[in-house]
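You will see chain A twice below: alongside chain B first, and alongside chain C after that.
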Partner chain A sequence: MNAQTPGAAFNPQEVLRAQVRWRALEIIFWVATLAPFVLTPNYLILCSQIAIAALFALSLDLLVGYSGIVSLGHAVYFGVGAYSAGLLAKHGWGEPISGLLFASVVTALVGYLISFIMVRITHFALIMVTVGLCLLFGEIANSLHDVTGGDDGLQGVKMWSIFGIYRFDMFGRTAYVYTLVATFLSFLVLRRIINSPFGLSLRGMRENQRRMPAIGVPMKSRLQVVYVISACFAGLAGALSAQTTQFVALDALSFQRSAEVLVMLILGGAGRLYGGLIGAAMFMVARDQLADMNPQYWYFWLGLLLVIVIIFLPNGILGGLAALIDRVRSRRS
Partner chain B sequence: MKKVFAGIGGMATAMLLGLAPAQAQDTIKIGLIMSFSGQFADLGTMMDAGVKLYMKEHGDTIAGKKIEIIRKDSGAAGTAPDVAKRLAQELIVRDKVDIIAGFSLTPDALAAADVFTESKKVAVIMNAATAIITARSPYFARTSIPLPAAMGALGTWAAKTGGAKKTFTMVTNYGPGIDSEIAFQTAFKAAGGEVIGGVRFPVANPDFSAFAQQLKDSKADSVYIFVPGGEQPAALGKALAEHGVTPKTVKIFSSGELVNDEPLKSMGDAALGIISGWSYSWTHKSDTNAKFVKGINEMLNGRNPDQFAVSGYDGMQLIYKALEKTKGNADGDTLIAAMKGLAWESPRGPVSIDPETRDIVQNIYLRRVDTVNGKPQVVEFDKLDAVKDPVKLQLKADGKLNPDGTAK
Partner chain C sequence: MTEIALSTSGLNKKFGSLVVAGDISLELPRGARYALIGPNGAGKTTLINLMTGMLAPDSGKITLGTEDITAVPPDVRVKRGLVRTFQINTLFPNLTPLEAVTLAVCERRGEAGVWWKSLPSCKAAADEAYGILSSLRLGEHCERPTKQLAYGQQRLLEIALALASKPKVLLLDEPAAGVPKEESGELFAAVAGISSDISVLFIEHDMEVVFRFASRIIVMVSGRILVEGTPDEIAANERVREVYLGSGHV
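Up next, the complex of A and B:
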């Protein structure tokens, strides 16, 4: 990716520094996220949900794409975050920003506890356990009908205005600004983590789980740390969802949500920082448009679309584009 | 370099989102939020058939304005109230609809309640049956049924006339299930019966064997059952029949869903004798209903209508009649005011919209499953006239009901 000039002395700091540097296209990407305000002001609610899904996918990317940990139960953290933020607001503290922090701390704690199980297992067992945990949390929320509202959903979530000025309006203006800012700030943090020596060691573990301990990397503690970070940001995404919709449904903890976020990530391209963001946007827009076109059988078209994309672009949209560029370049040279 | 494409991808997405629909002056747009897919898809199909039939019979223009329907699916995830809420917001913000209707399940309607209050748009509930829904927004009107109205009547009848002493209740664990459980149990106890146990099963629950066994083990002489429509009534009916729970061994009381055509088919003769208290069956004898049944038969290749179809039909009827009254003015406050007190002859009998609560007032029929022409079928044998929702009557008596019908 960041190829060294042949002959030049290898300088690891330089490699890391080059990764951290902002590229013009990244800046264009983030500027483009402001376009909906002008171009599609009627779609801001969807945009805010895309931003939330993107953050959620990004948090999963840290595990799946960068650390090589498979998870089919990431909705646990989304749900815990959503319910913590929702319950806090329901019981009298509706201030959004402190609510976000509260929810992410709660989720990080849950992630910390679960991480003790996670670092002990790998591969298929990991899939089983994460799915199991997801079902477990879903059922707990369902059975705590008095607290969570069960299948009726958590009602009575009332959010205060942001800074006491901007209330969450029906058009989704505040919601989109709020989620976009939160997602962008989270992205900055995650980008920094991924491009740090710590992030590099995660990629090392993904590539070779045996060699990393041999060169002195404490695998288990690193995995625990990354697990907690990932949980924390997934919880943040959940909290954003609870706050902007002022509602939490059991669906926040569902297996379907876990599966969907993985699909988004794979669709965009795992381990590519922007993969989750692009994947989330593509998935949500496709779903929205297809469901409008055919309310009865739209899942068929969504399924077909996913199969086609994955057959032709096994590494996701970004992976496919990267391969394309490589081919064009090699032909030129 | 791949970041280039990340940027382009983002731009493309933003462009794609720019396909906003055009606006027209002389149309009234109605958004339908229903479960068109998933476990409760059949319910959406039936409601939509009712809507289509009414529009087929009465045309798509009212007071000189064209009626346009926009359909949205809320059913993909089973129950996803946040989806229903988002769809309601999008219909109003994006599609600029004037009226919203549908709502298969209670959580969907409750989640979206604030949206209607804020946007001042009328929402007609065509199924969701928990009593409290209409009290959550002053812009709700309902054409289906407030469950406690029917279930209270059934509970009283079960203990007084039905000969049930010890009963067991089986309901779905969400708003309407709990609502109907309370209504039935309260009425049953008040009439001298004893409730010896009960189960609540999850909303998305495909198999009922374990619950049927629990009922059998409880040694109750009767059981009360509520399940929402869709695939569940048939699955539950089958489980009961398999465990030997039939009206011959245990008296079965239920809401209307369990004795719709599909579940009756899968239960066969095991269903004979089930008593239900409900607002509609296609076997109801009236000219209006005969015409309605014929219309739905034609539309759905011979299938008979159920309560979902009749609620969809009456929902459209309510909207049409109210728009007629306001001369095509679909402004929320004007329209809801026009809906209050409207009365008409529905396929289920005379109905009206209670001006105080905006909920439907209708007859509740007591029916038994009997063999008619060699097939199990629902037969009405008694009725209660113009039943109002007891829950909101209680709220009113306690002084907890605002003048606009919302709860304090």
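Up next, the complex of A and C:
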């Protein structure tokens, strides 16, 4: 808060700038994402899945955390992105980067069409419609067996090397570099969006939908834009998943995936930029470790963790940390 | 002063069989200070909702300047200069006043849809927002989340947000609602300081304040305009005394 030097004239621009400045912890966080290459080289495949889940959670955060819109069907976009990238590669174009772009454009289009329904409804109706769409898309993919492989999954996805040089190896080294770079670049874009005037208007919608029209905000068109952006990045995450595993399972579109990504976000802390990233890492590592101990009952531990976190840290792990830091600071001063 | 900033003609609205607005016709001249009074449930807030488009009238016409805005959506009415505040604080609890007012300024300037520029680069908007906040003596509180502000400061922020849209016509729904009588003076000092280019219509229950600030008074009862006149005319009006002032209010 003390962005101003005492005695100097108040500068509102500096106050706003202080909030968007890169913090040391952020830089440490991103440097730490490189640690697995050295520390846990046998877990790089898991790491790339974490990066994908993190990007997926981040795309949902734009809706849930920043705009205050709950969605229980976000896997629709993940799945559309995954199938778009997978089908493109299966039918002869395995170049990864153009595949990513293709998939995110397709998903953005789907998001744009769906947004016309979304801006008409709110609250419970919205949650139900997102669930409904998720089931709908899942069944469509299931019934189009000839195209998607149905519940056998999409087989025969062949990816070319990145830049014609880096092959997707079986240890997941290339996959992790690739997903990490894609997630980081997406993060940079999303961070800018959140710190833009548009991002401020998203937070305004979250804080008070009634006031927004009274200050001249066209809510519907603003919401449509955020749906498209969110869908686009969810699709990108799905495409990364399809390309790095060279396979798309039907569960890419499942209700379970929609619920899981929401759990990741709530665990980590919605509306905090890093909440989805932290939540995704915790969720994926916990699943990996707990499923090793007992593959059937790991949801028990997940359920327990979720209940404890929500009761004691209603704003997620990052929200709890932020409150703790605030308390320590105010005690000191 | 004969230029009409906002007018309604034959405005009707029913909720079921209840008439909440019955044949409301009024004219608000440019730069005017009008008060809208009446007992609870008279339809004063409903009238503001109708004027701003938050409710659609069953029949009738609303004109802003020379333009028929009856079918214009609420956010577009704001852009054309018809702005309101709310009787119950309708703010952004977790935004700071600086952020909230900057948002409203950005929106007016057509910058709020921009997602590729960072917020601090909108220097002109931030400066203007701070200027508005300072003029309402909220400058030193502009970095705290809105929910931490004192209630009276939140009432001032209601007005600050409205001013950020550069209104031609400002509709204030009980600006001092809930503020102790001894503090409401400060709020009305803020209202009095509003540029004389802006036409103001305000709802208020405190007769002392109404008689001090309003050049004309409109009295509503049961969804209809009972009488309109200067403060002296209203004070002398027998029917007003009966239905409103007579109930021990003054």
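What we mean here is this: the second predicted complex is superposed on the first by the 316 of 333 C-alpha atoms of A that agree within 3 Å, B and C clash if a C-alpha of one lies under 4 Å from a C-alpha of the other, contacts with A are read in each partner's own complex, and residues count from 1 in each chain.
The definition used in the following text is that a contact is a pair of C-beta atoms (placed from the backbone, for glycine too) under 8 Å apart; a residue touches a chain by one contact, two chains touch by 3 or more.
This is a predicted model, so every value here is computed, not measured.
Asker: Is A:Leu113 touching anything from chain B or chain C once the two structures are fitted on A? First, second, both or neither.
Answerer: neither
Asker: Pick one for A:Ala125: touches chain B only (first), chain C only (second), both, or neither.
Answerer: In the superposition, A:Ala125 touches no partner, neither chain B nor chain C.
Asker: Taking the superposition as given, does A:Leu16 touch the first partner, chain B, the second, chain C, both, or neither?
Answerer: After superposing on A, A:Leu16 lies in contact with chain C but is clear of chain B.
Asker: Is A:Val217 in contact with chain B, with chain C, with both, or with neither (first, second, both, neither)?
Answerer: A:Val217 contacts chain C only, not chain B.
Asker: Have a look at where A:Leu188 lands relative to chain B and chain C in the superposition and call it first, second, both or neither.
Answerer: The answer is neither, since A:Leu188 touches no partner chain.
Asker: Looking at the overlay, what does A:Ser201 touch: chain B (first), chain C (second), both, or neither?
Answerer: Only chain C is touched by A:Ser201; chain B is not.
Asker: Of chain B and chain C, which one touches more of chain A's residues?
Answerer: B
Asker: Under the definition above, what is the set of chain B residues touching chain A in their complex?
Answerer: 1-7, 9-11, 13-18, 20, 36-37, 41, 71-73, 76-83, 85-86, 89-90, 92-94, 106-107, 110-111, 114-115, 118-119, 172-175, 202-203
Asker: Could you please specify the touching residues of chain A with respect to chain C in the complex?
Answerer: Against chain C, the touching part of chain A is residues 1, 10, 12-17, 20, 192-193, 195-201, 203-204, 207-208, 210-219, 221-222, 225, 229.
Asker: What part of chain C is in contact with chain A in the complex they form?
Answerer: 52, 54, 73-76, 78-79, 83-84, 86, 90-95, 98-100, 102-104, 106-108, 111-120, 122-123, 125-127, 129-130, 139, 142-143, 161-162, 164-165
Asker: Can you name the residues of chain A that touch chain B in the complex?
Answerer: The contact residues of chain A facing chain B are 23, 25-26, 28-29, 32-33, 35-36, 39-40, 42-43, 45-47, 49-50, 142, 145, 150-153, 155, 170-172, 241, 245-252, 254, 256, 272, 274, 277-278, 281-282, 285, 289, 291-292, 295-299, 317-318, 321-322, 325.
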